[in-house]
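Can you keep this structure in mind? I'll have questions shortly.
Chains: A, B, C and D, in written order; residue numbering restarts at 1 for each.
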Amino acid sequence: MRLPDKTATMEAAIAAIPDGATIMLGGFGVPGTPFCLIRELVRQGQKDLTIIKNDANETGMGVDWLLEAGQVARLIASHIGLNSRAVRMMNAGEIEVEFAAQGILAERIRCAGSGLLGFVTDIGLGTRMARGKTEVTVEGRTGLLETALFADFALVHADRADHFGNLCYAAAARNFNPLIAMAARRTIAEVETVLPLGALAPEEVHTPGPFVDQVIALPELPEVYGVVQR
Amino acid sequence: MRLPDKTATMEAAIAAIPDGATIMLGGFGVPGTPFCLIRELVRQGQKDLTIIKNDANETGMGVDWLLEAGQVARLIASHIGLNSRAVRMMNAGEIEVEFAAQGILAERIRCAGSGLLGFVTDIGLGTRMARGKTEVTVEGRTGLLETALFADFALVHADRADHFGNLCYAAAARNFNPLIAMAARRTIAEVETVLPLGALAPEEVHTPGPFVDQVIALPELPEVYGVVQR
Amino acid sequence: MSSSARTRMLRRAAAEIRPGMVVNLGIGLPTQVLAHVPANLPVCLHSENGIAGVGPVREGAAADRNLIDAGGAYVSTVPGASFCDSATSFAIVRGGRLDLTLLGAFEVAGNGDLANWIIPGQFTPGAGGAIELAQKARRVCVLTTHADKSGRSKIRKRCELPLTAPACVDRIVTDLAVCDVTAEGLVLTELADGVSVAQVLAATDADLIVPEGAIPTF
Amino acid sequence: MSSSARTRMLRRAAAEIRPGMVVNLGIGLPTQVLAHVPANLPVCLHSENGIAGVGPVREGAAADRNLIDAGGAYVSTVPGASFCDSATSFAIVRGGRLDLTLLGAFEVAGNGDLANWIIPGQFTPGAGGAIELAQKARRVCVLTTHADKSGRSKIRKRCELPLTAPACVDRIVTDLAVCDVTAEGLVLTELADGVSVAQVLAATDADLIVPEGAIPTF
């Protein structure tokens, strides 16, 4: 036995995404955001997308490119305060935005990735985050039912990977990436350095290969991945 | 700032466990089982314990020492077939045994460690594992409510650690260890090699230090940790 | 069962494993299929104790004390293997990333019901990972002798033992035949070399649909 | 607020951080407390984007493009730091492993209610991690100017803005005073150097219990 090779081209991987798809994006701010995959999605122009990401990046990068191009119908996030376009489009009704508490968003994604239907938490009780949610009692304690959050595609940015799709993330660029990698019908990873099988120690892998469908080696890193100068 | 030092002695760490405590043990078979901590628990003789572990080890090791010494009142596990004493004591009513599907046991422990109340899964629907469980409907799909499983103490075996309690596990000795480390009021780790702060790369840590309360360096590994000769 | 019948059954089961799959081999007979998987087949073997990329069994001095599979056998890893915790390992199973599992059976019914974890009063060790493997693998193939040691058919109209999971089995591979669970019922799709349809029908408690025309052999 | 009053407030807030704690510093004023934590204090700073062991801020060429805190500042790590995913990071928060959080406030009420994430119609960026920090840290200390820019007291009888979490605050540290949320109500426990009880009472909308005897200063 040998492990399957999942290397693919960016164009073909993104071309499989249809209009109306639900897409999860990794990243918390710049670190871990799959800018090259997003740029290809802008180039191909799929419409009416539901985007699930912790944040909306900042104006002029990442999610903002999709917003500017009018490709986003709906955004599920925990915080979009650094992107004034996202806030403006939300307030103008041009996109629909659903907010979740950050750790609950993470957990809803992991819940889907773990093949569970939902979970019960007391987070948000007594606040407007509880609105419209079902209360469930667990051993005498009341909580809110949070539903598993699935996607059709997950676009992940990894620092290192092998041909089978084992992924390692750098520093705080890990964030939501390992979670969304579990929760989509198809997971596409853009990778800074693709290594041969066996180059990653089995103990150091952050996302096991079975979760990943396609591995795309980035030829060069555009400036947007760098330190943001303010 | 520097990170706190959590190194401790085995005798003092185990002495904090009272009679009647609920204790989670790492390990799937031999790998990852904290044999030295269990041996100290047998030496100190705490009674009426609830033990939560994937399995009951094999006759003559680990959990079996606690069973033989009559210290266990209740066992929550996924499979005890390799320990004939455990099966016999269960059938004779000498211990109470609660079974969970293996991944559901893992998930109930993680659920507690993640500060959630419970989760909903379709695992076990239509089987006797569903008996006595509450049905919850999530977006039109019916599932079973599984409750978070907490412990007073978690006893973990790690391959490497630093003074702050960052833990790394070897190979398949990881199994339940990172999960139970999250789910107990106090987590005690026995460690094959304790390293200075900074010796573990921040990316390679499996259990972050904040989950761990006490780090105990093992002076030598007894034979029970070795390859089982059958 | 003769040694050649056993080998034929294991080889036939190995053919269920297709390129690119993530596969979990249950304890017992399924584990023995490993020896019949082509060396160059691109496949990932999963073990529920947290291994993706299980390699051949290791014995004696070659064994790693920290590296067993879910059946307790000392194993190796292939290049590109990874380790994970038990929650992540079962996320692979329940989340739809496990393409195939081969499982043993006490009883399997014509409707795909599987019983393989408990014999009340006799064998009550707990389910381990069997329930999730049976219920959530994208494809479930049961690998079992057609009859138990007392000669009773394991392929039943209905399971009498407590179920591991209802309606979960897609295919049954035995020493006598291959049967597929379909919307119409259990269909005889292949015969072991030298075994007749009449022999299979006589050895099967479940109702078995025999298609017209020649039935392939394995 | 004078520069010295600000420094005094930040120093007082820094004193909330005790040896051995795991601490999360919210965005804004709380982040600035970092400069006043003694270099040798054994403490672990947590950032909700997946860092345990945050170190000092890094600027310019010293910045690591992959290493920011939850507020977007480029930071460093201390020896023994670790990275984790966002689910694990919030497991630390919700699971009871976060000993203390210092949070900013739009409004905080005498009963410990906190509003710090939304101003309907004006500021609606989403909650980020604030709800979980406020609700689940073992100890919640609000760090805020006593009044907002228009001079309105931030320490309210009741919050008028939507709550981040109800009854979550243990202590309030401002440029004027330290107040504790107790079963009896909000208690004035310390005064900033040179500030009188009368000044604090005049600047506070919430009912404030003034204990008998001398009140310590900071």
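Here is the rule we use: a residue touches a chain if its C-beta (ideal position, glycine included) is under 8 Å from a C-beta of that chain, and two chains touch if they have at least 3 such contacts.
None of these values were measured; they are calculated from a predicted model.
The minimal number of chain-to-chain contact steps leading from chain A to chain B is 1. With steps allowed only between chains in touch, the distance from chain C over to chain D comes to 2. Using mean Cα coordinates as chain centres, the one most removed from chain B is D. Centre-to-centre separation between chain A and chain D, using Cα means, comes to 30 Å.
Distance from the chain B centre to the chain D centre is 35 Å, each centre being the mean of its Cα atoms. In chain B, the positions touching at least two other chains are 107, 110, 114-116, 121-122, 169-171, 202-203, 206.
The residues of chain C that reach two or more other chains are 77, 83-84, 87, 90-91, 93-94, 136, listed in rising order. Pairwise, the chains that touch each other are A-B, A-C, A-D, B-C, B-D.
By the touch criterion given at the top, residues 28-32, 54, 77-82, 87, 90-91, 97, 99, 101-104, 106-107, 109-110, 121-124, 126-129, 159, 169-179, 206, 225-227 of chain B touch chain C in their complex. Per the touch definition, chain D reaches chain A in the complex via residues 47-51, 63-70, 72, 74, 83-87, 89-91, 93-94, 118, 124-132, 135-136, 162-166. On the chain B side of its complex with chain A, the touching residues are 107, 111, 114-122, 136, 138-139, 141, 143, 145, 147-148, 168-171, 202-204, 206. Every residue of chain D that touches chain B in the complex is listed here, in rising order: 19-20, 22, 37, 39-46, 52-53, 55, 77-84, 87-88, 90-98, 136. The touching residues of chain B, when paired with chain D in their complex, are 1-5, 110, 112-116, 162-164, 166, 182-183, 185, 196-198, 200, 202-203, 205, 208-211.
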